Amino acid sequence: MSEHWLSIVLFTPLAGMLILLLIPSRRTDLIRIWANIAGIAGFLVSLPLLWRFDKNASGFQMVERHEWIPSLGARYIVGIDGISLLLVMLTTLVGAVAILSSWSAIQEKVKQYYAMFLLQQTGMLGVFMALDFFLFFVFWEVTLVPMYFIIGVWGGPRKLYAAIKFFLYTLAGSVLMLLGILTLYFQHFQQFGFYTFEIAELMKLDLPLSLQRWVFWAFFIGFAIKVPMFPFHTWLPDAHVEAPTAGSVILASILLKMGTYGFIRFSLPLLPKAAMDPAIVKALVVLSLIAIIYGALVSLMQQDWKKLVAYSSVSHLGFCTLGIFALNPNGLAGSVIQQINHGISTGMLFLIVGIAYERRHTREIAEYGGLAHVMPKYATVFAFAMLSSAGLPLLNGFIGEFTILQGAFEANRIWAAFAATGVILGAAYLLWLYQRTMLGQITNPKNLRLPDLNWRELATFLPLIAWAIWIGVYPKPYFEVLEKPVTEIVQRVRPEYFRQAPVMASAPLEVLR
Amino acid sequence: MNFLELIWLIPLFPLAGAVLMLLIGRRLDPQGPSEVAVAPGIAPEGTPAAPAHHASHHARRSRALISLLCPGTVLISLIFSIGAVAQLASLPERTWQVIKFTWVAGLPFFTQSGAPARFTADWGFLLDPLSSVMILVVTLVGFIIHVYSVGYMGHEGGYYRFFGYMNLFVFFMLMLVLANNYVLMFVGWEGVGLCSYLLIGFYFHKKSAADAGKKAFVVNRIGDAGFILGMLLMFSVFGSVRFLDVNAALSSGRFAAETTGFGVLSAMALLLFLGATGKSAQFPLYVWLPDAMEGPTPVSALIHAATMVTAGVYMVARSHHLFRLTPEASAVVLAIGAFTAILSASIALVQNDIKRVLAYSTVSQLGYMFMACGVGAYWVAIFHLYTHAFFKALLFLGSGSVIHALGGEQDMRRMGGLKDKIPITYWTMVVGALAISGIPGFAGFFSKDEILWQIYSSPQGSRLIYAVALLTAGMTAFYMWRLIFMTFHGAPRMDAHTLAHVHESPRVMTVPLVALAAGSVLAGWIGVPKLWSFLPDSFRLFEHWLAPAVSAAAHVHVAEHAHEAATEWLLMAISVAVALAGIAVARHLYVTRPERAAALRQAAGPLYTVLANKWYVDEIYDFLFVNGLGKGGGSALARFDSRIVDGGVNGAGWITRLTSALSIWWDTWIVDGAVRLTAFLVKAASFPVRLLHTGSVQAYALVIVLGATVVFAWYLMR
Amino acid sequence: MLYPITATHYLVLGAAMLAIGTIGVLARRNIVVILMAIELILNAVNINLIAFSRHLGQVHGQVFAIFVITVAVAEAAVGLGILIALFRNRETVQADEINLLKW
Amino acid sequence: MWVDAFFFYLFAAITLTGAVLTITRRNAVHSAMSLILSLIGVAGLFLLQRAEFLFAVQIVLYVGGIMVLFLFVIMLVNLDQAARMRQFSGQWWLALACVLAILAEIVYVLGRGSRVFQFAPPAPPAQGGNVEQVADVLFKQYLVPFELASILLLAAIVGSVIMARKRV
Amino acid sequence: MSEFYTSVDHFALIPALMLALFGCAVLLFDFLVFPEPRQRKWLLVFVALGIGFAGLGLVRQQMFLAAEGLNEFTAFRGALTIDGFSIFFNWIFLAASLIVALVSYRYLEIEGEHHGEYYGLILLANCGMYFLAAGSDLVTLFVGLELMAICFYIMVGFLRFDKRSNEAAIKYLLLGAFSSGFLVYGFSVLYGIAGSTRLGDITAAVASRSPWDPLVFLALATTSVGLLFKISAVPFHMWAPDAYEGAPTTVTAYLSVASKAASFAFLVRIFLGPLISAREVWAPLLSAVAIATLTVGNLAAVTQTNIKRLLAYSSISHAGYILLGLVAGNPTGIKGVAVYLLVYTFMNLGAFLVVVALRREHILGEDLEDLSGLMQKSPVHAILMLIFLLSLAGIPPTAGFLAKYYIFWALIQARQYVLAVIAAAYVAVAIYYYFRIVRSMFISEAVDREPLASSLGLRLALGVTGVLTLAIGIYPQPWLELAQNSVLLR
């Protein structure tokens, strides 16, 4: 039992889905209840990971391995390190929240909806747990289809366009990524004489820079589209705007993280030479900076509430990729924390948009205004989410952004300076959004009688709020969990980094007291 | 009780109050529909909108708890602060650090010099003379203003919200001043900004209030970005941001003073100062503060006069080790301070809104404090900060009392003749005005005079700056007394109805006024000039307490020129004379010969217009960032303008908008365009391919043969 | 070159037959004639096979040719059968009039 | 040897003429007749190449069997109308050019191939009569295809019956 | 057992014999024993028996190989070669035949053309395929091909009173006969080169020549025309969409799967047998053809609205992928061809089976619109179709991913990066048109309320194809081993 814990976490949602399929479609309430049970169960079974996890151990933990396709060298290997742990926890929690939030929003094809959601959940968890590239790729693709349906079936007016755009974009990227994977796979065969997809084995490869570069770009396309990094981001606003609320939440909170996770887990350790190649780093950092500023500027302009939040994701994810390619411990750790933060904050923002949308069926910012008068709880929660997203200290966003900025600053001061403008603009568009929707007078009679948050809606926010405060006030556990994996990655990519002062690699906090 | 060990509790009391208010305050303070602000023309269906007063009368009793609780938390903080400061005084090193836990617990990195370091920040508190002054000011003035607010806000909706925010503000302000490192200080720094945003926008149904709040936040954010970068630079240079570590490193001698060049320390200092200009409303980022007067008056008093806006000064003083090593940066501080002081003073000369006058006055006084910092007289800056807190809070609260009395009127042109109707307000305000003008004996005199003297005597100062400061002092006296005269003297200019309802404020408001007035008189007496040797040294308590803390400047010895006592006396006389002159002119123009004022306005013509329009700075910003080509452009641009620029953020601006528009355009047509083009091409290519299938079997056969031909041809051409 | 007769002569003849048959398939509209043209192509193959068979001094080629003829018969039979069915429904045997299925 | 050459050219001419006429005649019956001519020419070539059995098969099966089938169908589907219409498809010129190109290419390849291949003078005929040899090879080496061919013909018969029968 | 017929020959012939025997029996019994339409279901039993016995024959071949420790054995003096390859492909053919026979019953009833000959033709076609996979003699292969082809000509035109079926049949026949003319012309040249029709002899003869030898090229070029025609590779693919569209849907399914697999088996036998030494000549040719095939197949499908035609174009593009495996030429590529065809059989059959189910009494069920709202009408069909489409598109964890995976792997191994990227790019294009179908099924509203055609056979067939499509994707190991054995020789 205990040695299969990760598998249990991984397949709980899938089991939930299979049981869900047995419930007749017309019993919608039963379906809803069951889906919520499955979602919450998914979260609860993931909780033991927290205390089973040993933050001082290096490498992967709770590893499970089984033969799967011996003739390909593909195995079922799952395991987590600090980075995966955080993302897995994010996935289970946000997944449960998203399922809860759909209670009243989804009125038709309920069964299909929840089934897709739970399937999606397993896919995402698999991505974060897989330690075998083949397995990873399978889960990676598994996430595509449910999201296609979630957008395409329950989405807004332009859902078809958005869904297929999402699907095509990400698929095109992932197929190219597959080619990159295969190249590594084959190179490993050439060097070691057997085929394997195991990450740990592939890490032993020693490839020339030129080849690494090609593989890097192949991976880049796959991951960057998912993130999405600057020139590949246009699927995101469409997908977000058209997706139903919970879909947007999952999309923003978790699905996008698959891209950044891919960079951290695969691009960096497997292709260290390419990842250190100045041209590549420069290109990626410039793209990240463009994303930060660009996403913020475009957000500033949006008339559509949801689109605004969507573009803000582009900006925030720009921070994450910047942190990754700062290629130092703080940049990486900050990036992971910021990924969690973005999951929390933007997840909340999308939930907030969804609640407004559910009540008014419009996302035009101009349609709102003065909601704080009629929906004070809602306004409070919104303010909270907004501030957390804008990086107010003592809330989660600050820790992430600040640590990333530190990493970027260490790598290159100019980068940090550019990135800091994102901080300014972030406040600008969020506050302006808040002002236009929540503050001022009620100018639209339709808004006069909007009900405030009910208990269920409030319940979707509370865990996220609590988590945001936790990260904001006491982020130490996060850094502790991340220290080992992040250090290992940096050690692998830039062995000379720690050679500056070998003492440092294990220097405890107290040294500086 | 060991108060020193418990200093971490000081901020937490107000936080508890705030959390309580924001969570359950709504229950304690049931809101009628009065809080629903609806734009004219939109009838709330069915529900009669009860006037605010009725609802709040019912609610008053249940508000008592709030009224007790919230000021109470601040009072407890005050008590703890006093206790802690008293115990601190008995410590020989006068520094007490409490570290609760590691807050930002980042990972290892290497400093500029290659030394290993860790990106960490404590949840830690530092009590030293500097922060002890600040916590006393914050808790004391904060408490007084809380009490005042009980009266002032008594009729307002959202009472619980107001006090929640106020308590939250006090929490953050205490965090700011008690933090033992820059990052934690930044928590307070941002937090007070947030509270400022919330409180400015307290009347959020007013668009102007919401706009002002947003403007404040965004403008502050510009400064914050500088602050963040400064901290990062600090990390990369020192490997730590703890004040004690940084100061120790700076005074260790490892860093040479950057007297000639512009090095990394100067960059650090200027980045931090950029943060300070944002928070303390210095040029060019001062524009938010006057707009911030949209908030309730106690807010203006507490946040935008006494405490928050002085955070920048505190931060610069906190970083005095750094600034001492960077004369160039200090010179910038001095110049910015001087320029801001005179600029805003000149604007204040002609403003008619009572709170705006005070706002510009605040900006100007902050400029003063920065001037003191610029010349290295940090304790003086803090001294002025401290005295200013009293008299400016007093003036604001007084103006609040006036506004209260007049039922919300803020325009001084519709006031006058109030001095008998609201005597307590009048007399306390007079005290405040005397203090700010620098009349000897009042608090302002001591601090302001000391600043002038320092500017004059310090090697970093100059005659020009001194002249500017002096001129500013004169202007200060003028506009402040213009305020007094226009408000309280002469014939009443308000309409009869308002006049009939003029009443003195309740006790709960006047008592704080009196308390602050007492402070405005007495506060200065702990920092009398050295010149006044007839007074015992205990009158120079402030300097003794603070000066060693902020001038223990490492190895750079700032030689103080030995000036003649006579010079000092002379300068003191000049400044007093200038202040008196200002008062006299004001009296002449607004009491004795009011018609002259109008004539002068005529005569000054353009100058007056320029001043009345605040040097057009807002307009220039608007032009640069907000309106841009909008006005000159064609109809197309005008449409664009009305759609996009209209009602926009002042700070974020037009260029931003244009870029955003371009970005969206780019997204739609270039990035997405490429994708769509591909999709289009695929589809477009689909038809020719399909058209190949004409349905004619012979055509198919021909294609086969053509294929074979090509294969053969390929072979032959090979 | 024209004399003596070698296998190449037969092969060229076969190629010519192939070409003529192909032209017939491509250019004639009448499906019956197209089927005849296909017979020509198969005869070209037979000419080849016989030439090689003779050249190699075996009879394998001849046996192969028998199979080719068999196949030709079968194809012709089925083709004509389908043609009759088509003609019943469409009243035409013109190849380019049979174009319901396209694009 | 010249007799060989004479007959080769004679039969080749017959074959080609018949072939060209087959694909150019307006009337399908004429085409069929021309095809018979061509097939007879080919049969002659078979004879020339000492393939007597095949000669017989060609005459009996092709000329006797298939052509009757063709003529029968031509009668059945009544091609009078078709004969009055345009005979060549619109792409005939393209087809012609293409096929001539391919012919040239094949001939060129054959020409080059003949040098490489070095067609030696024909090997002496094997022992025994042609029919015996054919039978021997057919039933030893090609037993499987032979049986398969029977199934093929069965399928073809069934197929034509299905196709040609009227609605039951 | 005589000189003509040895026990080895017996093993080699049994499956084909069974198919032919039962095929003839079906033809005979159709009008002799079961004249009543209701009795025709017994014909299905005969079909199943025939296929079952043929399968037993395959099992015996396998056991024989295992018992003797052989990789292959030849029979009939080299006319047949039984090896893992032939057995693997024959399993595919048998499975396809059985499934198609199962679903045809109801379909033909709806079409009103229910005749016993149909089942006979299925078995005879399968018999032809047997020789395509097992033949190692040009004549055997040629006659086998023609047997299969003629059966298909008839089956495509089986709806004699449907103009489109007639047209499809005549087009298929004319082009098929034309192309096999070229094929056999090439065979004649091969015979000329080697003086033998046995593949082994030809391989040796060709290998003794330069790869650029003109006659070898002549043989290669003309043979390729015929071979590529059968697998519907561009530019010899033109018949496919028309034939697929016009044919009865069950036949389309059969044609697209079994005929294609058999032709590929044939193609692999020729290209990796006699022509292997001319690899450097045909590899570039085939890669050009593969790219063209991918391009045309995928692009043409993008705007297609007839499902059968759309799937026809899609199957053209699949031929392109399989060809790429051959282009890569390494063991992985060959295994990829085998795996791809295995997977392709089930997924493509499955997709067509859903289209079969769409054909109802008054509804043609061939247009994209007919799939609208399928999820509401019949969730099982919709989900199965989704699985098939995902598999066709190559999305894990369906089997189609594994197939594409092998192709990419082989290309990377052969360092054909450009081909790999092009092939990858077309996956995205393919997604677009497959998801047009998905969109209709799941997102659009239904245009009619009539339930889908259903029968036990159809349900069974759908179930089997669906389960296999998923199972091969999720746990592919046994299937991969199967494919692995099939290419042991090469």
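Annotations
Think of it as A, B, C, D and E in the order they're written, each chain with its own count starting at 1.
Methods note: a residue touches a chain if its C-beta (ideal position, glycine included) is under 8 Å from a C-beta of that chain, and two chains touch if they have at least 3 such contacts.
Keep in mind it's a predicted model, so treat the numbers as computed, not measured.
Note on connectivity: the fewest chain-to-chain touch steps from chain D to chain E number 1. Shared contact partners of chain A and chain D, listed by label: B, E. For chain D, the chain whose average C-alpha position is most distant is B. Averaging C-alpha coordinates per chain and comparing to chain C, the farthest chain turns out to be B. Set side by side, C-E and B-E show the greater C-beta contact count at C-E.
Taking the mean of each chain's C-alpha atoms, the chain whose centre lies closest to the overall C-alpha mean is A.
Inter-chain spacing, taken between the CA centroids of chain B and chain D, is 102 Å.
Chain geometry summary: the mean Cα position of chain A and that of chain E are 43 Å apart.
Each chain gets a centre from the mean of its Cα atoms; for chain B and chain C, those two points are 96 Å apart.
Distance between chain A and chain B, defined via averaged C-alpha coordinates, is recorded as 36 Å. For chain A, the set of residues touching two or more other chains is empty. Multi-chain contact residues of chain E (touching two or more other chains): 139, 142-143, 146, 150, 153-154, 157, 160-161, 169-171, 174, 178, 182, 192, 197, 217, 241-242, 432.
Under the contact definition stated at the top, the residues of chain B that touch 2 or more other chains are 690, 693, 695-699, 701-702, 705-706, 708, 712, 715. The full set of touching chain pairs reads A-B, A-E, B-C, B-D, B-E, C-D, C-E, D-E.
Contacts from chain E toward chain B in the complex involve residues 170-171, 174-175, 178-179, 182, 212, 217, 221-222, 224-225, 229, 234-236, 238-239, 241-242, 281, 285, 295-296, 299-304, 429, 432. Chain C contributes residues 2-13, 15-24, 26-30, 32-33, 35-37, 39-40, 43, 46-47, 50-51, 53-60, 62-63, 65-67, 69-78, 80-85, 87, 92-96 to its touches with chain D in the complex. Contacts from chain C toward chain B in the complex involve residues 22, 25-27, 29, 34, 95-96, 98-103.
Residues 89, 91, 94-95, 98-99, 101-102, 105-106, 108-109 of chain D are the ones touching chain B in the complex. Residue ranges of chain E in contact with chain A, taken from their complex: 375, 386, 390, 395-397, 401, 405, 408-409, 412-413, 417, 420-421, 424-425, 427-428, 431-432, 435, 438-439, 442-443, 475-477, 480-481, 484.
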